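There are two complexes below, and they share chain A, which is joined by chain B in the first and by chain C in the second.
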Partner chain A sequence: MTQPQPRIRRSFGDLSERALAFWLLVPAALLLGLVALYPVGRLLYTSLFLRRLTDETGNNPVFVGFQNFAQAFSDERFWTALWNTLLIVLVTVPGALVVGLLLALLANLPFRVKWPIRLGLLLPWALPLVFAGLIFRWFFDSQYGVVNDVIVRLGGERLLWVTTPELLFWAICFSIIWKSSSFVALILLAGLQVIPKELYESAAVDGANRWQSFWRITLPLLLPAILVAAIFRTITAFQTFDIPFAMQNGGSAFETLAMYVRTMSIENLNFGYGSALAVLMFLISFAVTLVYLRYVRGADD
Partner chain B sequence: MKKLFWLLVVVLVASMALAQQTRLRVFVGGQQRPDVMRKIFDLYQSRTPGVRVDVEVGGATSDQQQQYLTTVLASRDPSIDVILIDVIRPAQYLASRWADTIDKYLPAASRQALLRQYLPAYSQANVINGQLVALPGFADAMFLYYRADLLEKYGLKPPTTWDEAIQQAQTILQREGNPNLNGIGFIGAPAEGAVCTFLLPVWAAGGDVTNAQGQFSLTVEQAQRALQFWVGLMDQKVSPPNMAEKPQDTIRQEMQAGRWVFGTMFAYAWNRFQNDADSQVKGKIGVVPLPAFAGGRQASCLGGWQWVVSDFSRNKAQAHKLVRFLSSPEVSKILAIEASNLPVFPSLYRDPDILRVNPWFGQALPVVQAARARPQHPRYAEISEAIRVTTNQVLARQKTPEQGAREIVTRLQAIYGGR
Partner chain C sequence: MKDNPRIWLWIAAAIVVINGFFPAVWILLTSFKTESELTRIPITWLPESPTLQNYVQAFTNAPILRYFLNSLIVAGGATLLCVLVSALAAYALARLRIPNKTLIFSLLVGVSMFPTVTLLLPLFEMVLALGLRNNYIALILPHAALSIPVATLVLVSFFQGIPKDLESAAMVDGCSRLGALWRIVVPLSAPGVFTASILAFVNSWDEFLLALTLMPSQAMRTLPVGIQFLQGEYSFPWPLISAALVIALVPVALVIAIFQERVVGGLTQGGVKG
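Let's look at the complex of A and B:
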């Protein structure tokens, strides 16, 4: 018990605890800088230049200040894409929460064999987004799709899901909700499992029915988990790309912000303007993340 | 000690031999028959000791391939030496400085002699601002494929005008009474092929995107008539209402399953109809030039693939030698026989070995010679998007032909105006 401190210090050389912490954090900080800070910084930098790979500005970018941003604000296609993205957020986030909650409640029921439901929960989540998009593209195909097949069997008319804008929007939302509600369900399931069983038992003793105990116990205690799921889902909903992209065969009748950024940079090779659009998208994601961080800090208090 | 010395000598000799071997990496798309390309590279390797050619296979469509190549080339990645690019891309490769132009390795006199051997359309497509950007690998154009058995059954001859084609399709559909059979198939999905769909009637009516001086010249009226023509096919029930969903290869697959009377497609379809194991139309398909419009002329859309040397290659001299081989008559003939790729040399269209495998190549030469090229522009990607997405929206009846025409003309005007 006599002076254990110096012995530990000696085994790490001359480093103080602070210095040791510093050196241990350096690799992680470097990695973070390399994969997060540098690209974002570079993006901000490029967004201030006129840079098209299709002309001489590709090799000699011209500094234009905030002109790209001014162009974005007067670009009708940008506002349409922003509006479409907002619609996706407004429909698919609540949609995924409701479906996810139902799935989580189902998975939390005391079934004897639990794995089929849990597997069903995990599969959509494990599937790459673009595959989900391609699968649903076939489901909604007017000629070969299962959706129209069901409609025709029920005596309805074939609908042109993929090429009619209003129908396409709902087909996209349906696919996104299917894909993302399992993520929500996983978070909520974890939340459900930490609710103490005694609460339900004492509620039952007091004569509460199932509906009342759901409303008075489950929902309030699940609220933190629901909020976390909602915020994560909102951030990814703002970045929606894969599913609407894969469902349209390269078309852009329904274009989200991320799709517009890709078309402008990767296809049109207009890196300056594309970067400015990406910066605007980044700012939106950043704002949502700030809300999340604030909420997490609030929960700690 | 002695053993160690000899080991060192062996390692040294081996590494020198390895260093002498040049490795070239060639990029080809998934639909450009990488299996046949491999055979051609093997032939080249056997004749050129010290050179090894690796194949990298990319996406299936022209757009998918270019998206990948853009990331590789924009980051100045030296790993790819030679690339097979679509006929619409040389202008972009020159403007972006992705191509090591062929001129550097060719004296002006022999350049003239070389270019004179090719079909004129391909010499033109590869010379941008006086610089020779790439050399042609194989030709392509759109043709009208028809069900020879069905036409014969009703005593019909292959159509030479669209009106005839529409009437024949209506007759056959009515008499066959088969709900799975459709009339005239064309590319309606918003992929690159839809640019050709839009331009075919424009060209046939004597119009084009630019005039001879390269200035923008498309009028709203020309564009509107072109869009109206394809919408009209759906109105007349010779094409089903879901044409906006159909890319070229879907039409090809459906025609292969016996579901179309007519189909407008590029040359690759023939080989699939004749040779695919699941083809239900083997020996039942005929090919003719695309029909003409009443009072107009016949027009086809020029396709084809070009060999370009990457400006970031570390073995440019060797890569150029390979490209000269790949754009030679010998390789053109192999591609014609093994992959039904149309030759880029006019003389090969009379080659008996090629005609034995592809009897219709005799008729194909005038079509390729008369085929029109899509606009050449460094910002072709934007031109393509404006045309194919809007054409698709008109076919999906999200926009009227008039609205679509106005949108296409306005957007193209902005691109040609440098905005």
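Let's look at the complex of A and C:
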């Protein structure tokens, strides 16, 4: 009967447990190192060189220090792309939060059959961004699009959505908000479901109407979930690529930072400058992530 | 509102459902229309003379099946690799004493927020150097890696839900730790593994930027890349694109419809980007 005892002690022993943990974590660490960490290091390195695959610097990069970054700061196209990206963030993050909150509040009503609602929220999430871009490109088609059809039927004028820059921007924002609001709704719905029902009941006893209980109970208690969704959305909105790419069929009349980074690195094969642009983008995104991690940790404590 | 709450419920349901479905429904309607019907003004809403011609075109003139196969191979391979690797890491994080666990979790979340486009150039360089451009491996590895954080977080919370006593009991009965993992934890966490798989699969199935750059040749395009390129390959591509989109969407929509509860659970607990 004493036989199994040492075996247990051994497998719970500090050394073997650590060793086991180490080996279990190695594959994930290797894969993430290869695909995420090494590339970031490589990016930082390349950003310090003049390296274009189209000339002799492709094989013999020339060290230029921070010159690529200096070039970026005086590059009008970089500032335009950054500005466009910020506009996307400023419009689509609040937009998706408002629409998502509305959808979550509706979806949280006591339906007897839940699956159509759930599917209505999941479908936009599962739809590839590019497909959403293509579908809305067709929606906003100047000649045969259904949006213009509705406008004309309502007595308005046909609008050139795809070829007018301001209109294109709003069409892109519309598509992004549609695509991302259902994800926000799913997060907020989970938050709504853990708010105790008794709070509303006692508020009703105290004579609060629906509007008041929304402002006094729902919104404050949902705030943590809203913040998480807001930060997630900010980080993904900052990376916007697929939808404007698909809606312009690869064109760059409206260019986000991610689009510019790709064009400079992959199309123009300007590795040095492309890396510097990517580093700048990475740093901005990283700052937002730090804020997020700090917030999540703070919430845990 | 107090007079007839059922009507309001119906309206609320209709708003959510219509909001979720209208683009898919519109593309489905479009796919049944002929080109001459699609280029008429004013446009028609319902197809006047429904046709399957666009689907025939999509299967014969455009290599949709090939794109489909490519997407399936990449997403399938990436999911398998990702879930395997994540399950090992998640078990260690959920069950074993590890120093700096918070740091590891922070790193995971941090990595999941790296902008994909910043990884693009180094990955492109690596793939060129290894001669792997237009090779499935070039896409499977990054797709698997990019889903590791989500899959790991989902699996950790599932593993934590499995009573530790069950494992200890198995080990008292003479199971090794890995034996207990295989016989007790793996079967009990099947739902978690499944949820993580769906999330990893959808992430890979949807990914565009890396697929566009690392597997651009006609025969190696995944569905998002292949269908996007149809836009430039035809003067009026919408009949073909709409049919292709329907073909691409049906399988994923089915998976989502069947496993919706698990997907919602996984999404809200893993903190996924979307």
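The rule is simple: the second predicted complex is superposed on the first by the 279 of 301 C-alpha atoms of A that agree within 3 Å, B and C clash if a C-alpha of one lies under 4 Å from a C-alpha of the other, contacts with A are read in each partner's own complex, and residues count from 1 in each chain.
The criterion applied here is as follows: contacts are C-beta pairs under 8 Å (C-beta built on N, C-alpha and C of every residue); 3 or more make two chains touch, one makes a residue touch a chain.
Since the model is a prediction, treat every value here as computed from it, not as a measurement.
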Given the touch rule stated above, what does A:Ser182 touch, chain B (first), chain C (second), both, or neither? second
Chain A residues in contact: does chain B have more, or chain C? C
Would you sort A:Gly58 into first (chain B), second (chain C), both or neither based on which partner it touches? first
Under the stated touch criterion, which partner chain does A:Ile266 make contact with: chain B (first), chain C (second), both, or neither? both
Is A:Ala253 contacted by the first partner chain B, the second partner chain C, both or neither? first
With the two complexes superposed on chain A, say which partner A:Thr163 touches: chain B (first), chain C (second), both, or neither. first
Could you tell me if A:Arg118 is touching chain B, chain C, both of them or neither one (first, second, both, neither)? second
Answer with first, second, both or neither: which of chain B and chain C does A:Gln143 touch in the superposed model? both
One more residue to check, A:Ala204. First (chain B), second (chain C), both or neither? neither
Following superposition on chain A, which residues of chain A contact chain B and also contact chain C? 141, 143, 249-250, 266
Listed in rising order, the residues of chain C that touch chain A in the complex are 1, 9, 12-13, 15-21, 23-24, 26-27, 30, 38-39, 41-43, 45, 81, 84-86, 88-89, 91-93, 96-98, 102, 104, 106, 109-111, 113-126, 141-142, 144-146, 148, 152, 168, 171-174, 176-177, 202, 205-206, 208-209, 213, 223-225, 227-228, 231-232, 238, 241-242, 245, 248-249, 252-253, 256-257, 260-261, 263-264, 267-268, 271-274
Which residues, counting only chain B, touch chain A once they are in their complex? 63, 67, 70-71, 74, 92, 95-97, 189-191, 240-242, 244-245, 247, 378-379, 381-382, 385, 388-389, 392-393, 395-396, 398
State the interface residues of chain A toward chain C in the complex, per the touch definition above. 4, 7-8, 11, 14, 17-18, 20-21, 24-25, 27-29, 31-32, 34-40, 42-43, 46, 103, 106-107, 109-111, 115-132, 134-139, 141, 143-146, 149, 152-153, 178, 180, 182-183, 186-187, 189-190, 210, 228, 232, 235-236, 238-239, 241-242, 245-246, 249-250, 258, 261-262, 265-266, 271, 274-275, 278-279, 281-282, 285-286, 288-289, 292-293, 296-297
Touching chain B in the complex: which residues of chain A? 52-55, 58-59, 141-143, 160, 162-165, 248-253, 263, 266-269
